[in-house]
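Below you'll find the structure I mean.
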C-alpha cells in the first residue's frame, strides 16, 4: 500500500521500519531530517513537507503530544489540508480525547477518513512489531488500515466506530499502569521499612496473584530504586495523567487515585525529577516514610 | 506426623482434609462441633477442647481474626497452656503484626516453637491444595512444618526467621489486591461513562499488561457488577485494611491508597454493604460519577 | 470620573450603582439590555456596544468567567480594540491567572493600563459597598482607580504591580472557603452520627476558635442542610477550584485538599446538584457515612 | 469545696492554681513530686497517692493521654478504687471516646458520678482561667462541678448527659484546627511559590473572612515557618488525629481530610519532626512543591 508516516521518534521509527519490511511503499516525514535518513536507507521515500507524506491511501502519525499532533494535522499545510478525499489518517499517538474528537470532525468535514489507534508498548516492542493496538473509527476506514496495524502490532483491540473512544481507553490503560507503580511504591515502602527484602516481596507477587509484565517491570525497577535512564520519562507520565483527568473532568468522573497520581507527578517534577523514569513516583512514598530509598544498598 | 488442627471454616476444612489425605494423623478442633464431623469421616480424631488438639508435634491454627486467635492461643486453656515444649504452633490466619509478635514471644517463653504461615487463595484453592503460603519462623521450626505446608499449598515463600514478617507480607499482599479493585473501579467507571463496554476494557487489560488472576477475577466481577454471593466479604476486607494501617502506623509509613481503601470500606459498610464481596467498593466510584452501576444492564 | 462598567449581574449591578451614587459619570453595558435599565434609572448612560463603554478614563469589568471576559476584552470590537491609550481597564471578575496574564500583556501592547481587582463578598455586600478588594497593577494605574474601588468596597488589599498575583490570591482565598466547607462537613457528619446536635457544635466553634463569618455562614447552612436557593452555585464553586488547580499545576504545587474539593464538586454535579449552593458538597460526607442529612429533621 | 486534682502538667498546674485562688480546698497529686510543690506554696495539700486525692466531693483529672488516665482511674489503687460513693470525677483530658465510655461505666458500677469536661486552650489560657470547656455528664454531677469549671474557664458548653459526647466534640474541634493548619499550608505554599508575601496573604484572610484566633495564631506561625519551640507538639497532634479516626471508625464515618492529616503527621514524625509544633505539617506542602520553606528568609 502507498503509505505516509509522520513522526520518527523512539516509537515511530521502529513502527515505520516494520511497514517497510512488510513491503509497503512508505514516504516518511520528521521535523528533524536526521531521523528520516535511517528509514530512507531501509527503502523509504523522504518527504520534505507534511504534504509530501499525504499522497497515498493512508497516512500514519506518531507524535509526542497534543500540541505536535494539532499542529501537524490541523495547522497550515497540515494533514487535513493535504490528504485527498477518501484517504485515511491513522493517529497512533497518545493524545487527549478532545483533540481526537476535533480531528475526527475536521477529517469528516474534509471528506477524509480518520482512525485513532494508540498503542501499548515500549520502543523495543515497537521495533519487534509486538505492540498492542487500540483502534476505533468508521468500519470502512479501520478495514483499510488493518493490514498496516498488523505489521506494527501483535494484536489489535477494536473499540467501535468513535475514534475518541480509543483515546479514552488508552488513557485509562496508562492510568492502570501508573496506579500499579504507586501501589507497589506504598507496599514496598511498608515492607522494606519492616525489614523485608524488596526483591523477595516482588518475587512473591509476580509468582502468585500478579504474574504480569506491569508488575515484573515496575516491581524490579522500584525494588532496585533504578529510575535512570528513563524508559518513559516522568513529564510524559504526568502529561498522560493530566489528559486522563481532563477526560474525567469532561465526563464528570471523580478519580481519587487519578488525583493522587497527579499530585505525585507534580511533586516529583517540583523536586527536580524531570529526567527520571515515571516509576520514580514510588520513591515519594519511601521519602514520606523517612526511607532514603526502597532498595537496600 | 501427629498434628492438631484448629479452625475448620471455609479455608481450614479444606486444608485439614489435605493433611489427612497425605496420611498425617490429625486431631481437629472447631468451636461448632458440626464442622468437625466431616473431617472425622475423612479419618480425623475429634478434639473436645483446644488442649486435646495440642498433643502432637505440630498444631495448625486457621482462625477468622485477631480476637479468635488471641483467645484460642493465649486464653485460658489455650494453645500456649497445652502445647508441649519443643512442639510447633503454625498460625496460618491473616492477623495483625502485633498479635504475631505477641504469640511468638509467648511461645518462646513457654519453650515452644512458632511459625507464622498465612496464605493467599480462596476456599477452592485451599481444597485443591493450591494455596500460596508465606512462612516465617526459626529455621528448626519451619523445617519441621514444611512437609505439612507442602500438603496444603502449591508453593511456600520463606520470609526469614521473624514470624511477624510473614504477617506484614500477607497484609501488604492483600493491600495490593484491594488497590487493584479500587483502580479497576475508577478506570471502569471512567470508560463505562464514556460509553466503552466494560468487558471489552477488561479483556484488553488482561490480554496485554495485566494477564494476572487478580485482574481476571476482579475485572470480571466489577464489569458485571456481581457482588453477591461474597467470595470474600466486605467486613473481612475492611479488617485487613485496618490491620495494614495499624502496621503502617507502627512503622510510621503514610499510605495514601491505604487510607483511601479504608474510607471506601467504611462507606460501603455505613451504606449497608455488609454482605457484599469486598470488590463492591468499586461500585462507589461508579456512584460518585452518577452511574447506578458499571455493567450495562 | 468618566467610567464605563461592563457586566451587570448580581454583583456588577450593585457595584455600578455605588459608583453612580458617588457621583461618577457612568456608561453601562450588559449583553441583556433589561439589566441596563435599572442602572439608567439611577442615572447611568446606556452603551449599545462594548466600545461605547470604553470612552472614559477607566472601564470596569465584572463578568461570569474566563470565556466571557476573554470575549469582551480580547474579542473583536472588545475592550482592547476600543480603550484609548493611557486609559485603565479594571477587571474585577474571578478568573484564571493565565487569562489575567494574557490581558495584562494585551493591554501593555495596546498602550493601555490594566488592574486586576477581584473581590470577596456576596451580592448583598456588593450592594452595600462592603466588598473586600484584592488589587494588583502598575502603581500609576492603581492610583487612578483607587477612588472607584473605595466606592465599591470597605477595604482594598494591595498585592503589588503584577495583576496575575491578584487572581492567584483571590483563587487561594476561595480555596480557603471551600476547604472550610469540606472540613465542617466532615466534622458535623462525625458529631451528628455520634448524636450531637449540629447547631450546638457550630455554636461551640464560632464562640471559641472560629468566630469568623466563613464559619458562621457555612456552619449554619450545613447544620440546617439548607442548600437552596444557592447563594453561590455549585458550578461556580467548581469553576474556581478548577482555576485553582490550573494555577497549582502551572506552579507545580501539589494540593491534596484542592484535589479532594475537585472530586467533591465533580461528584455533586454528576449526581444532579447543579442548582445547589456550593456548600452542598458537605452533604457528600454525610452520604458516605450513611446519613441522609446532617440536620436532624 | 473539697477537691482533689490529679495531673499538674502545663495545663493542670494553671487550672489547679485557679481553683485554689477561688478558695477551694485542694489536694493535689502528680507523679513527679516537684510539680506538686508550686501548688503547695499556693496553699494546696499534697497527696502522696492517687487515693489521697480522692477524699473530697470532686476529683479533677488532667492527664496526658489515654494510657495515663486509664492507669490513674482504672488501675490498682486508682480513682475508681478510692472515690467515695456519690462523689464526682471530672475528667478534663483529651482522650478517646472509648475510654470515656469505659470510665463512665466503671464509675456507675462503683456508685460514683462522672463528668467529661475536656478543654480548648493553650497553657496561657489555662493560667488565665480563659479555657473553653466542653462538658457532658448526668445533670446532678454537672451541677456539682459547674462552680469549679467556672473557676477554670471563661465559658462551659454543655453537651448533654453522655460523657463520651464531650470527648467526641473535643476531638472534632481539634480536627477543625488541624484541618485549618493543613489548608493554610497548601494555600500559603501556592501563593508563596507564586511570589506573594505570606504575611500579606494571612493579613488578608484574617481581616476579611477568617478573623479568628485559629487563623491568626497558625497563619503567623506558618508564614514565619516558626515551629520551635512547640506550643503543642506534633506527637500530641498525631495522637488526637488517631483518636479522631478511631471514633470515626467506630461510627463508620469516612473522613478524607482526617486521613490526610494522619498521613501528614506520620510523615512529619518519620522524617524527624518529634519536637516541632504540630503546625509544622504545613511545611510538608511546601516541601512537596520544592520550596525549602514558606517564609521568605
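Order as written gives the chain letters A, B, C and D; numbering starts at 1 within each chain.
What we mean here is this: a contact is a pair of C-beta atoms (placed from the backbone, for glycine too) under 8 Å apart; a residue touches a chain by one contact, two chains touch by 3 or more.
This structure is a prediction, so every number in the text was calculated from the model and none was measured.
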Contact-richer chain pair (by C-beta pairs counted) among C-D and B-C: C-D
Approximate Å spacing (C-alpha centroids) for the pair subunit B, subunit C: 53
Where subunit B and subunit D are represented by their mean Cα positions, the distance between them in whole Å: 40
Distance from the mean Cα position of subunit D to that of subunit C, given in whole angstrom: 38
Multi-partner residues of subunit D (each touching 2 or more other chains): 248, 252-256, 260, 263, 266-267, 270, 288-290
Chain-level touch network, classified as line, ring, star, complete or other: complete
Residues of subunit D defined as touching subunit A within the complex: 263, 266-267, 270-272, 288-290
Contacting residues of subunit A [partner subunit B, same complex]: 97, 120, 132, 134, 155, 157, 159, 162, 165, 168-169, 172-173, 175-177, 179-180, 182-184, 186-187, 189-191, 193-196, 200-201, 203-205, 207-215, 244, 247-248, 251-258, 260, 285, 288-290
Subunit A-facing residues of subunit C, complex: 242, 248-249, 252-256, 259-260, 262-264, 266-267, 269-270
